[in-house]
Amino acid sequence: MKDLKGKDILSAFDFDRETLEHLFTEADELRKKLSEGKIKLADGKIMATVFLEPSTRTKISFQMAMVKLGGSIIDFQPESSSLQKGESDLDTIKIIDGYSPDLIVLRQSKPYFPHSIKDKIETPIINGGDGTNEHPTQALLDLYTIWRELGRIDGLKIGIMGDLKYGRTAPSLSYMLTFFKGVKVYYISPKELRLRDEVKNKINGKIIYEEMERLEEIEDELDVLYVTRLQKERFSDPTEYERLKSSYIVTQDSLKKLKKIPIIMHPLPRVWELPEEIDSLPQAKYFEQAKNGMFVRAALIKEILGL
Amino acid sequence: MKDLKGKDILSAFDFDRETLEHLFTEADELRKKLSEGKIKLADGKIMATVFLEPSTRTKISFQMAMVKLGGSIIDFQPESSSLQKGESDLDTIKIIDGYSPDLIVLRQSKPYFPHSIKDKIETPIINGGDGTNEHPTQALLDLYTIWRELGRIDGLKIGIMGDLKYGRTAPSLSYMLTFFKGVKVYYISPKELRLRDEVKNKINGKIIYEEMERLEEIEDELDVLYVTRLQKERFSDPTEYERLKSSYIVTQDSLKKLKKIPIIMHPLPRVWELPEEIDSLPQAKYFEQAKNGMFVRAALIKEILGL
Amino acid sequence: MKDLKGKDILSAFDFDRETLEHLFTEADELRKKLSEGKIKLADGKIMATVFLEPSTRTKISFQMAMVKLGGSIIDFQPESSSLQKGESDLDTIKIIDGYSPDLIVLRQSKPYFPHSIKDKIETPIINGGDGTNEHPTQALLDLYTIWRELGRIDGLKIGIMGDLKYGRTAPSLSYMLTFFKGVKVYYISPKELRLRDEVKNKINGKIIYEEMERLEEIEDELDVLYVTRLQKERFSDPTEYERLKSSYIVTQDSLKKLKKIPIIMHPLPRVWELPEEIDSLPQAKYFEQAKNGMFVRAALIKEILGL
């Protein structure tokens, strides 16, 4: 098991199987303790949230986790900062680092940006999303949700559908699945939005996968359907987007054509790909999934701060 | 008296006379205790502020109240959230609810929005303004101010002037006045900005009222003059706003024509309807009124959290 | 020594030599204590940050300082406030003052704005920058940095370069230098951006100074080179900005032509005037300088709150 104390978390590969299982168990324990009353573990500790792109779940769940652990948060707001006067992102983060928070959660639009600055920053950094590259704590809560719902990850058949080229959740989730045995992934997307070669190179030989264009092509039984959002702005031809989007909506009808899928997940925000009619299905776990994020991020904070 | 523990506060009608009097007494007690030193009543509790429209007083006074009670706050900022990616307000609030804060204070532009979502949200919600419909905690601090200044509410003659059609403070204040005896309200507004029928239907037979177009038409003695802003953002036609605004300015001159009004109130922000020359009059209570908001909101938080 | 308890800090002249030396010593002590563990000095105290213009360092360092001292912060966000509905800055600050925070840190774009409102506000105000006029706590951390690095301020030769007309750090730093003996300042700027007469009037006869157009004109040995940004937003004519900017870049080459300067400082943000190649020089102290800001501001908070 990896000792995460004082460590950066930049990639799904910064974990391993044993560490994940430890975090999941810890998340369950914190869930229980928090329901019983307040915790003062992180009293006197400060987490800085530095989100240079919009966020709802990642930022708020980290903040709630830190406050529930008894710690404090300082939120850097880019729109009212010296970034508006032309200061670089690196200088901004060096300044925050200089004030010695105990942890920085960083979202920035450039792939590998946190990797490029980590040696200049003393505070542990959690990558809260670096453009199209990775979102390791999203994968953490994704797998924590599957682990809680199905009791295991080994041997599962997982469909990941939507924008697999520009989305950062499919890569991080895929990387994390390489730690488990006998996993099979079905990547369901338009040809134009398949996984990038860079991602395939990191999973080849570690998980079995198939690429397909439509959910209906899966003959086998899925244990998990993980839906992601198609982003209109990624298509050079908007009529192509309109033509394709209908194939990636999960409706009650499209679900009827498949064998029953035990759990349907989505990193959220969803736009049209999961209509509200799906929310009431017992398999719809995406709000539960988001909620799990707070607990497993609390567990991660606890490990990094060595509490 | 109503037990507010764990309850939503969506309307002025969620209170009753006894509950109001209890909250006012409690607000006075908290005021005294806070002046004597710090309070740890809400230690470990978290309030989420979710303001999807601008706010100064409501948001900051709730935050100050919570922090002074010893609790913590998490502020959701719409402009840097996934609302920018097309996420719905309901999904956003469901996510925040999933992280289990102890209380959500919500401002949203659609009338009855909090009513429409409350059954999907476990956390108690305080309506911090739902468009043109209501702003129940504004009415709470309005009446708390009158109660402190005049010692009673029964039998008072209250002038409410300005935009009574689009403003949300006039409806909530009117509803709350129905709990008291012998109140008479003078609604002073341009014909175009009179109370909506929906509001009148809820007060008919419960308070006596008269509608008039100019403050000078009141022959009787007023106990309270409650001025509101013509809300520019509620007008579809800006020339209508410009035409009407001049009639509803309170000046030293316009006050001289009336019998002495013991207190002049305003929910604020004021723009041009109360010139700064009025601020120094002993009757000008609007800054005191805003300040009272923090104490009575602290009392409300205490009751809802069952502290 | 001045007793700062409950006092406003609006100008560098609100300090004196003894008070500064006391604050510097206190900042060093707080630095030591904070490295040893958490501090609960400001438990139950609330600081409101009211930044009506962008800020990174001033706002975040005050917030970090307050939280590290054990206190709480309430951040007023102008872009989502009633300022958007036309409320005046004065009304806004009176409202916040009414909620009785223990301290307000205020940044506003009009020179002498905090001076103009201070008698209407009960809470102690720290001027976090009033347009082109002053930024007294920036001067505080500037001198604290020099004091730490060189062990003294008396008798130093200090070059202040860049925009001396519109920048507010040069005036505050100059005013604070008048408390010390035998200081000589070289003001290096384009003629168009020289110190305003108003500033010169306050330092004449108290420090010796020379004005020059280029760094190379200094024949004497500098103890400190303090570089500032040409503030694009202060220029009415953008072509003037483009014409002038090239003369005030500090490069390895331009440094070679000078005798070795022990420390190079900058209030930050830097844009192009200090290229990153300078950062690795041992004299480059600007990130250290920013970091010092948190400690000396913590010392100031401690004094004003009487902790």
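Order of writing sets the labels: A, B and C. Residues in every chain begin at 1.
Keep in mind that, in the parts below, a contact is a pair of C-beta atoms (placed from the backbone, for glycine too) under 8 Å apart; a residue touches a chain by one contact, two chains touch by 3 or more.
Since the structure is predicted, the reported quantities are computational estimates derived from the model, not experimental observations.
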Equivalent interface positions on chain B and chain C, same or different at half: different
Rotation angle superposing chain A onto its copy chain B by C-alpha atoms, nearest 5 degrees: 120
Approximate Å spacing (C-alpha centroids) for the pair chain B, chain C: 40
For chain A, residues contacting two or more additional chains: 75, 77, 79
Chain C residues within the chain A interface of the complex: 34, 37-38, 51, 54-57, 60-61, 63-64, 67-68, 70, 75, 77-79, 229, 231-233, 268-271, 287-288, 290-291, 294
Complex interface listing, chain A residues touching chain C: 43-44, 46, 72, 74-77, 79-87, 91-92, 94-96, 98-101
